[in-house]
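For reference, the structures are reproduced in the following blocks.
Paired with chain B in one complex and with chain C in the other, chain A is shared by the two complexes that follow.
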Partner chain A sequence: MKSISLFVERESFVHGIDPITKLYYILFAIIIPIILPSFTISAICLGTSIILLIFAKVMRKTLPVYSFVFFVLITVVIIQGLFKPGNETVLLQLGPVAMYKEGLQFALTIVFRVTNIVSAFMILVLTTKPSDLVEALVRKGMSPRIGYVIVSVFQIIPEMMTTMSTIMDAQRSRGMETEGKLLVRIKAFIPLLGPVVLGSLINTKERAMALEVRGFNSRNPKTYLNEEKTYPNSRFIQAVMLVLTVCAVAWRMFL
Partner chain B sequence: MNNQSMWSLKFSTAALVLIPVAVGINYIGKFIAGVLKLPLWLDSIGTVLAAMLGGPIVGALAGAINNIIYGFTDPISFVYAITSVAIGLAVGILFYKGFISGWGKAMVAGLIIGLVATVVSTPLNIGFWGGQTGNVWGDALFAFILANTDSTWLASLLDELVVDVPDKLLVVLISYGIYKGLPRNFVQLYNNNDKVETLD
Partner chain C sequence: MIKVSNLSFSYTGGGVPVLSDINLEFDQRTTAIIGQNGAGKTTFVKLLKGLLKATYGEILIGEYDVKMRTAAELARKIGLVFQNPNDQIFKRTVLDETMFGLLNIKMGRYTAEKLAVEALELVGLDDKLSMNPHDLSLSEKKLLCIASVVAMDTDIVIFDEPTIAQDHAGKEIIRRIIQKLKEKNKLVLTIIHDMDFVAENFDRTIVFNEGKVLLDGSTREVFSQKDVLEEANVEPPGITQLANRLGLKNTILTVDEFLHECAK
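Moving on, here comes the complex of A and B:
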């Protein structure tokens, strides 16, 4: 069964940072360019994230995500450069089409904003095992029942995908067409989806009973299967990020 | 239909177990739409079903968790968690008020939910992408309106509208069909005045 998460198991210092600190880093990478809106600051934030991704040895895994994002960003650059309201200064004239300076500047802001946020999230997603993140959050006070719900998604989806491929083969062997005109393809949607959905919904009843028998609703404090991991640097990194944020606010207000 | 328990924060085990399945159904819906190369996303069937069965809070929770989990395969979807929450809430409220009780009404509800999703997504699109959605047809319309008027908001709203309304309409109709096909003793599990049989 194929896992759906993008997590990559590697040995690196980024993998050794605790998940909560990585969450703070996402917040940090989003807030700093809002406090100090300049291209230099955005570029520094983006650069930091990319350096961390390189150190985590996961750069290759980021390429599919980046290529999707860049595909959309190219259309942003073209559309804003050509049509943004308030375009005045012509930068580039190609026959009848003109690219404008204001639109391109605005598009550049968006390019930085999007790549910045996506990179910060990828540090969390590519270097943190989902179950570690959930466990860290539960230790911080999240309800263990919600924790169970999140972790079980990572089990249920591969299970449902296996059922799905069985059903797809079964329906095809009965002559269902999955290619051709739009109407043919739309008609195929229900016979594919229906059995998986009904089956998995009905299974929830058994799952609920199995959980209740095992004390899922018990009010006693829950214990953990794994011992709590200690992360020596997390305090320090969080403090540095806090100081930098305060400095950024001060910079914005007094300079 | 019991209105008192609509906003209850005490989840039964059955309602909690419904959430991962809802996320799975969303995933499968999106996957099949991809395999069949349909021009829609169809990735919120699970959220809608969870809201129909478990009420607005379970629907909203399913929507939020759905986008958080998708975020582990595609970080952009974290941003749209708010839209999913709004869809879950809207379906749950409409359904618990008894509004979705026939195919005609389900169509109207689908349109309403499409509008809700559009209104919530548009500010996110403007803040994140400068107004675009990433869907080819919608973005072509966006460029056309931006070239002819001065309003990014109008262009972005219509961009989202042409993509979202047909999608959500179809999603609500499919979910309603599935809901009607569910065995009654299963639906009853979620419908007994906040009381789930426990084995005490």
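Moving on, here comes the complex of A and C:
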């Protein structure tokens, strides 16, 4: 079956770190540049994330995400560079259009922050199987119902896509034109949405019953299908991140 | 009516072929396609229908080259009833569902309705015209799907497992439909696991195994080759096996034949 998760199966030490630690890392990568709002620190954080992504051998998968993010960020750079209130120093003059230094600097901080956050998230998303993440969270005390909702999203969407194409085939074989111009495709697509949505609602009912039959709502403590994975380094990594955060706060306050 | 030459197909570019080097010709004889799950039967009919494009080889339907046509264009020539009726049904009423294909092939509303009602009479659903198809039982849904394809009056009709979920009465209806199509000189192709039904209703049988044609011939010929059938994990019909164990020399296909042979 097709999958909508971006997870890439690889052998690397990043893959071997437990999902919770990766969640902490996201928090860490967001907080540090807030505590210490300097270019250098943001650059170091971003650099760390990118190095981790390279070690995880998933750099190629990040490119489409980065290019999308940069596409959005370019508009930020242009708008801030041209129009930020407080723009004084002209950096570049193109006819009537002027780029200002203050605006560009401000835009650059935003660019760094956004790429930093995106990179930290990608470490989690690209190197963690969604089901592993959910299982780890449920073990930490998250409600299994919420866990199920998250996992099922990853299953239901590809399932709906498969159903969509089967229904499409069935209608094509009864003479509905679905190939060719964009307009033809759109016209063919809309009437199909009804059965797809209806079908998934029916499936949801059946799934709910199947879950109930297997005691999903039972109040007894749940057991897990998979044995709990042990991650030797996670304590250490979490401790290091905590110490670094404390140091950052101290630096900000006393220096 | 259909000519298949050197047909190969695989779902993943250079991956394991689902079908390899199939050469077949179909005439008016009703034909059953049998074989284990995963033997490539459904893939084969989807290729005939133009829903999948062949990796190698060509399929000619009449004078049409399937590769050059869209599935929708082929709909006038060849009809396919899907295995799972829920994949096919998407209109609000039984009548609309049956008329859908007819309207797609640019039939006038009046004629479409007439043909649709005729087809529904054939399957015994003509008293449920304004019902929502989703309220029908599974076997009725299957019959509705059959009606909506038969109504299109194509020269070739393909059924994918029509007898699933049918009781005896349902099977009788399907038998009647096949007979009727046969009288009209249409080619009926059926993927099926119900060997008794094959023996009683089909002139020709093709056995698929691991993407290849293992046996092809008249149904009697095919069911007489016990050893080859075993290779494809196909069991001959119950009555054929009984006759064989009793030591009857001829290959028996139906209960009538069996009684006749025993009476001698």
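Basically, the second predicted complex is superposed on the first by the 230 of 255 C-alpha atoms of A that agree within 3 Å, B and C clash if a C-alpha of one lies under 4 Å from a C-alpha of the other, contacts with A are read in each partner's own complex, and residues count from 1 in each chain.
Operating definition for what follows: contacts are C-beta pairs under 8 Å (C-beta built on N, C-alpha and C of every residue); 3 or more make two chains touch, one makes a residue touch a chain.
From a predicted model like this one, the values you see are computed outputs, not experimental measurements.
Peer 1: In the overlaid three-chain picture, which partner chain does A:Val69 touch, first (chain B) or second (chain C), both, or neither?
Peer 2: The first partner, chain B, only.
Peer 1: For the overlaid complexes, name the partner, chain B or chain C, with more touching residues on chain A.
Peer 2: For chain A, the partner with the higher number of touched residues is B.
Peer 1: Could you look at A:Met176 and tell me whether it touches chain B, chain C, both or neither (first, second, both, neither)?
Peer 2: The second partner, chain C, only.
Peer 1: Can A:Leu82 be said to touch chain B (first), chain C (second), both, or neither?
Peer 2: first
Peer 1: First (chain B), second (chain C), both or neither: which does A:Gly194 touch?
Peer 2: So A:Gly194 meets both chain B and chain C here.
Peer 1: Quick check for you: in the superposed arrangement, does A:Thr166 touch first (chain B), second (chain C), both or neither?
Peer 2: A:Thr166 sits against chain C, while chain B stays out of touch.
Peer 1: So which bits of chain A does chain B touch that chain C touches too?
Peer 2: On chain A, the residues that contact chain B in one structure and chain C in the other are 178, 192, 194, 198.
Peer 1: Quick check on the complex: what are the chain B residues that touch chain A?
Peer 2: 11-14, 16-21, 23-25, 27-29, 31-33, 35-39, 42, 45, 49, 61, 65, 68-69, 71-76, 78-79, 128-130, 132, 134, 139, 142-143, 146-147, 149-152, 174, 177-178, 181-183, 186, 189, 196, 198-199
Peer 1: In their shared complex, at which residues does chain A touch chain C?
Peer 2: 163, 166-167, 169-180, 191-192, 194-195, 198-199
Peer 1: Which of the residues in chain A come into contact with chain B in the complex?
Peer 2: The touching residues are 4-7, 65, 68-69, 72, 75-76, 79-80, 82-85, 106-107, 110, 113-114, 117-118, 121-122, 125, 130, 145-146, 148-150, 152-154, 156-157, 159-161, 164, 168, 178, 182, 185-186, 188-190, 192-194, 196-198, 200-205, 207-209, 211-213, 216-217.
Peer 1: For chain C, which residues are in contact with chain A within the complex?
Peer 2: Residue positions touching the partner: 46, 49, 51, 70-72, 74-76, 79-80, 82, 84, 86-90, 100-101, 104-105, 134, 148-149, 152.
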